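I've put the structures underneath this note.
Shared chain: subunit A. Partners: subunit B in the first complex, subunit C in the second.
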Partner chain A sequence: MLKVAIVQQIDSLNPFLAVFQSSTEIGRLMYDYLTAYTAADQSVTEGIANRWEPSPDKLTWTFTVPDGKKWSDGQPITAHDVAFTYDLMLTDEVARTANGSFVTNFESVTAPDDRTVVIRTKTPQVTMLALDVPIVPRHVWEKAGSIKDYANDRMPVVGSGPFVLTEHVPGQFIKLKANKNYWRGAPKYDELHFVYFQNSDAAVQALGKGEVDLVNRMAPAQFDSLEGKAGVTRNKAQGRRFTELMINPGAQTRTGVPIGDGAPQLKDVAVRRAIAQAIDLDALVQRVNLGYAVKGAGLVPPVFGKWHWQPGEAERRFDPAAANAALDAAGHPRGADGTRFGLRLIGRAGRAYDEQASEYLKRSMSDIGIALDVRLVSDNQLNEATTAATYDLAFSGWSTNIDPDFVLGLHTCAQRPGADGKGGTTDTYFCDEIYDRLYAQQLSEFDEAKRVEIVKQMQARFYDQVPAVVLAYENALEGYRSDHFARFTTQPAQGGVIMAQNGMWGYYGAEPAERTAQAQGSRWTGLAIGGVLIGGLVLVVVWMARRRGATAGERE
Partner chain B sequence: MRLAGRIGGAALSLLMVAVLGFFLFRVVPGDPVVSMTRGRPTTEALQAELRAQFGLDRPLHEQFWSYFTSLLQGDLGTSFTFRRPVSEVILERLGPTVLLVGTATLIAVLLGLWLGVRAAWRRDSAFDRVTTGVSLTLWAVPTFWLGMLLMMVTGDLFPSRGMRDTDTPPDFLSQALDVGHHLVLPSVTLVAVVCAEYALVMRSSLLEEMHAPYLTTARAKGLRDDLVRRRHAVPNAVLPAITLVFLRFGLVVAGAITTETVFSWPGLGLLFYDALTGPDYFLLQGLLVVTAGAVVVMNLLADVLHGVLDPRVKVV
Partner chain C sequence: MSVFSRLGERRAGFLAHRAGVAGAVVLAVAALVSLLAPLFVPADALDVTRVTADAWQPPGAGHWLGTDHTGRSVALLMVQGTGTSLFVGLTAAVLSVGIGTLVGVVSGHFGGLLAGALLRVTDFFLVLPALVLAIALSTVLPRGLGTIILAIGLTSWPSTARMVRAQTLTIEARPFVERARALGGGHAHVIGRHVLPSVVPLVLVNATLAVASAIVAESTLAFLGLGDPTRISWGAMLHQAQLHGAVPQRAWWFLLPPGLAIVVVVLAFTLVGRALEAVVTPKR
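And now, the complex of A and B:
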């Protein structure tokens, strides 16, 4: 049995509604997607479908669902299940809640026979092999009724993944059993339990005590605290996240109307570059990330290999003197008190990174004559400020996918809010003609080598225009009980993660260790102490009650 | 008549809470739809669909009216986060909270009152000084910190999270033992935090009675010191303390939120904490109505009970 600590609630077990990362992760164990990514190098591999072919005009994709794959209840998996799933999303807006963006460009989905799925798209779509949509069994879901009210908690939940959901106690735990019908072969252990922790310090302690076998999302200090702990192996993995410092480039709505109250000086790209140049990224990684990160550059983290971009010659090396000169040249002389102008920096209170990095940035900015006013606020306030563009500088971060389309798309002009200031999904209010043209190009470039080239050009453009400084790619810090589990499959094979993969390999490939006959002695001691405490309390109450009734007092 | 007045007052407070709850949580910064789709590929159309699903695109007064009319029919709406009726979600978490708060309050009241009586009766003794000192210290300590400390100090004697293990046998005895085992640390934490106040109030209230003439009379009758305390002093001194138990119920609820967060105890406190990060308006409103309702009822009980315990205060 593998026991995993999760620090996020499960919002829903219905894969059409579930948006939390924790729920998506469990969804990946319950349902296969149309295609998957390998553990070794994250390349596209067989999922529900084992073959695919775009038409010459790239508007029609034909996927083949091979014979022999079964749902966990023994029913065959067919093309009709796939068509049913996508069709449901096309026809029912509620079913689009979680993964709707993957089907917005779909014209139609049909299953001419049991083995063939035909998807027609409105325009050529390069991400057709990156559809992160769980495929559900038609024979169960066509009886589901209203998707909005369907909790998908009829246990065991019929699925196609390596594990079958068997129990969910909200706020407490989730239990899954190995799917013996899984087409890749059943997992090497029988049960997989996820237990919920509100408090990550408690989760780390539980790992130390052996209450759980696997923990992720550790802070550097927590990770360090497990060093040398008997029975615990730590995994410092390449993460999918980057942390950025957003610089308000003069936010505007899609119709070109200014929005928010960003400092006017930041509209000048020379000023934004000077700010970026005054930040010592190496020092930030060492002091704030305690070395558990890689210095930032482009929008795609190094874990995604070929898509990752490094500035090379174009790198803005840390140089406060040059930054000062650039600000002088840009027409912002120092005043009598040595200050050129002031800026606000907004970050999240309670997030260690923001708290420490903001102090550091305050000093860096003061070196180039910019007075930083740091405000650390709640998560929601931070979101509100960045959405309304009422910031000068702000901390942010994104988790990225194997296909870079999503993270690149966040920075196109069309993502900015409409005339009423609502409905924006932009990250940085960036709007750049060259960047947008490249974005459209990569979206219809089916030659991968060429697409990689365009994606790198986009990152270079972003780096050059600095609507944000990518500060660091954080490591994913995980730990597991190596006395319970000998090894896990990481993605990618070299320096990869166990949890939060683009796949289910970490849990699926876990190999139990030969357990030594270690008695659960301490647990019984604890139970005994608990029992004695409760028993003692009862005795005291009884004793007090009896004494009240007695007449003899012990003192005069 | 006065009782009816009290009940009317309580009902009015509840109504105010219900109205306040709606506007209070809408002042909380943050857009639930943005939170719901954070970090996921999304489009403007998708966000608009979500807004419409939850009625967030309608004017505020319409939203309020539909909230209020459904509330009167006992419908608390649907949680954005869990996509289920709020009443269902709250009901699921009510049991664990009642268990934790109930156990902790019971222990804290018994222990606090007993300590307070002992400390007052032997004022300035070593027992008094230690009790008062320890009570004040525990009262001042942040709940969160105390919980974490207890968890660390007790090592692997007690579980660090939740109410049940996933691999406990399903029979009743094993399950009950397991819940008891999980209950130890959270209830000790909560007792430590709330017990002090009961002890201190009981102590000072008994001290006030100490030199009352009726005690001298009792002693003059030749009663033993112990009987003087138990039969004469304590019954008079316990009144404010009992009232306090009910009046400070809100404090216990606040303590429970922190304690549940530290130990991932699956109760209402933890739910409150999670709902705030949305912000999950309907869930927050529901939780406020339920918890405020509990506090209002407790206050009402305090009123009534005071009358029962103290013949001088006639309620009915």
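And now, the complex of A and C:
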């Protein structure tokens, strides 16, 4: 039995609605996609379909669903299931909630027979082998009724993936059983449990004590604390995420109406470049990420090899003096108190990176005469500020996919919100003619070498225009009980992750070890955690007692 | 009896309370440290972009109390945090006692409908869970020192108001106030010349005790991550220690000093407050 610690809640078990990373991770275990990515090098491989063929004009794609694949209830998987899933998304807006972007360019999806799926697109689309949409069984979902209200929690949930969902108690645990019908062969162990933890400190402690077998998304300090621990193996993997500092470039809606209240100085690209130049990225990586990150550059992290872009000659080296000179030249002289103008920096309270990096940025900006007003707020407030464009600088970050289309698309003009301020998922309100033209080009460029070149040009343009500074590509820090599990499949094979893959290989490929004696948890750390909790409690109690004391005194 | 001889007598009374004197000495030291902090702390020592020491250094020769997650000296952070904690404690206490005194005197003196309305408001704030209200306030308002002070001040005044009102009522029932009224003394005269002077000693005692609870409140809010993110206070240090993994690092030197400092200063304020209380409470 593999026990995995998770901290993030599940938003929905319905794959059409689930957007949280935790939920899509469970979804990958329950449902296969039309195609998959290999564990070794993330190239496209067999999923539900094992063969595919584009027409010469690239507008019609024919996928073949082979014989012999079965749903977990024994029914055969056919082309009709695939067509049903995509059709549902094309006809029902609610079903497009989570993965709608993959089908927006679809003209029609048909299944002429049990084995063949034909997809027609409006324009040539390069991402046809990267459709990250869980394929659901038609014989179950036909009777689902309204997608919005369908919780998909009739256990065991019929699926096609290596595991079958059998039990879910919100906030406590999720239990899955191995799918004996899985076409790649059943997993090497019987049950997979996801156990909820309040915070990652607790999860790391549980790993140390052997209560769980696998933990990811550790903070650098937590990762360091597991060094040399008996029975625990750490996995420092290349992450799929980047962290960025957004610079409001003068937010506008799709129709060009200004929204929000970003500082007018930031509309000037020279000012944005100066800000980027005054940030010491190496120091941030060393001090804030404790070295567990790679210095940021383009939008695609280095884990996606060929798509990753490095500035080379064009690199903006950390140089406060040059940044100062640039700001002088841009017409922002220092005032009597040494500041040029003030900016707001907004980040999430309680996220270690934001709390610490904001201190660095405050100092770096004051070196170039910009007074930074740091505001750390709740998740919702941060969301509100970024969608309403009421920020100057803000921390953000994205997970990227194997195909760079999604993360590149976030920065196109069309992704800006409509006149009512809604719709669109723009990241930074970036809108640039050159960038948009390149985006359209890469979307219909089927020669991969040429497409890679265009994608790199786009990242260079983004870097040059700085609507955001990519600060770092964080390492994914994971740890597992090597006395319980001998081996996990990472993706990619070299320096890859176990959890949060583009696939389910980490869980599927786990090999149980011979059980040895349980490792002893450290009593000291338990005491320390208790100490902190008691300390916090004492603060609260003392304050209340003081108030109570005051009322008692007055009664005298 | 002149005001001065009364003060002298009270000073002697206070000096008779050993615990109170000890508390006063601790407070004097804390105040001195916070005032002299700029001399102790070199300009760049707490600048995260300038520090050169490694993170999580245990206490040793170079750093008396070790270093934090960014390599800053914990000892210097403690010194720097003293000022913030005392400042927030004092201003929040002044704000809370100020509101309390105003409401108490006004409702005690004027009575009638106004007093009824004010008392209902007081009751309302009295039954509100103060911590929850403070958390809500500091979430809604922009983060910062002012918000914290406001949140503490707005949640801790009702008990002062109740006490001051009671004292006002007893003073106003005395014959000399009646005499003053009969001789044509207006509201301002009665409040200014008779009520306030008799209320002030009690208010001072209350303020001293309020500082203690305000410091704890500030530390609580900062520990919960609701404080001013860029300002160093003892509560904020505890928050950072917890957030940046002092526990898995076993960095006790980042957890204990701020915690103990809060305990000591709060204790000192309480001792001083209790001693003052014993001195000024009218003998019956």
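Brief remarks on what is shown
Note that in this section the second predicted complex is superposed on the first by the 515 of 556 C-alpha atoms of A that agree within 3 Å, B and C clash if a C-alpha of one lies under 4 Å from a C-alpha of the other, contacts with A are read in each partner's own complex, and residues count from 1 in each chain.
Keep this in mind: a contact is a pair of C-beta atoms (placed from the backbone, for glycine too) under 8 Å apart; a residue touches a chain by one contact, two chains touch by 3 or more.
Bear in mind that the values here come from a model prediction, so they are computed numbers and not experimental data.
Contacts of A:221 after superposition: subunit C is touched, whereas subunit B is not reached. Judged by the touch definition given at the top, the superposed model places A:197 against subunit B, while subunit C stays out of reach.
Once the two complexes are laid over each other on the shared chain, residue contacts for A:378 go to subunit B and to subunit C alike. Contacts of A:358 after superposition: subunit C is touched, whereas subunit B is not reached.
In the superposition on chain A, no contact is made by A:339 with either subunit B or subunit C. Of the two partner chains, neither subunit B nor subunit C is touched by A:166. After superposition on the shared chain, subunit A has more residues touched by B, the comparison being subunit B against subunit C.
Contact with subunit B, but none with subunit C, is seen for A:175 once the two complexes are overlaid on the shared chain. Within the superposed three-chain model, A:457 lies out of touch with both subunit B and subunit C [touch as defined at top]. Touched by subunit B in one complex and by subunit C in the other are residues 201, 205, 378, 525, 529, 531, 544, 553-554 of subunit A.
Those residues of subunit A that touch subunit C in the complex are listed here as 201, 204-205, 219, 221-222, 224-225, 280, 283, 287, 290, 349-350, 352, 355-356, 358-360, 362-364, 374-378, 524-525, 528-529, 531-532, 535-536, 539-540, 542-544, 546-547, 549-551, 553-554. By the touch criterion stated above, subunit A contacts subunit B in their complex at residues 1, 3, 9, 11-12, 14, 17, 19, 21, 93-94, 96-102, 104, 148, 151, 169-173, 175, 193, 195-199, 201-203, 205-206, 209-211, 378-381, 383-384, 387, 398-399, 406, 409, 418, 423-425, 522-523, 525-527, 529-531, 533-534, 537, 541, 544, 548, 553-556.
If you check the complex, the residues on subunit C that touch subunit A are 47-50, 55-56, 69-71, 126, 130-131, 139, 142-143, 156, 159-160, 162-163, 166, 206, 209-210, 212-213, 216-217, 219-220, 223, 225-226, 229-230, 235, 238, 240-245, 247-250, 252, 255, 259, 262, 266, 277.
Interface residues of subunit B, counted against subunit A in their complex, comprise 28-31, 34-50, 53, 81-84, 89, 92-93, 107, 110, 114, 148, 151-152, 154-164, 166-167, 177, 180-181, 183-184, 224-227, 230, 260-264, 266, 270-271, 273-274, 277, 279.
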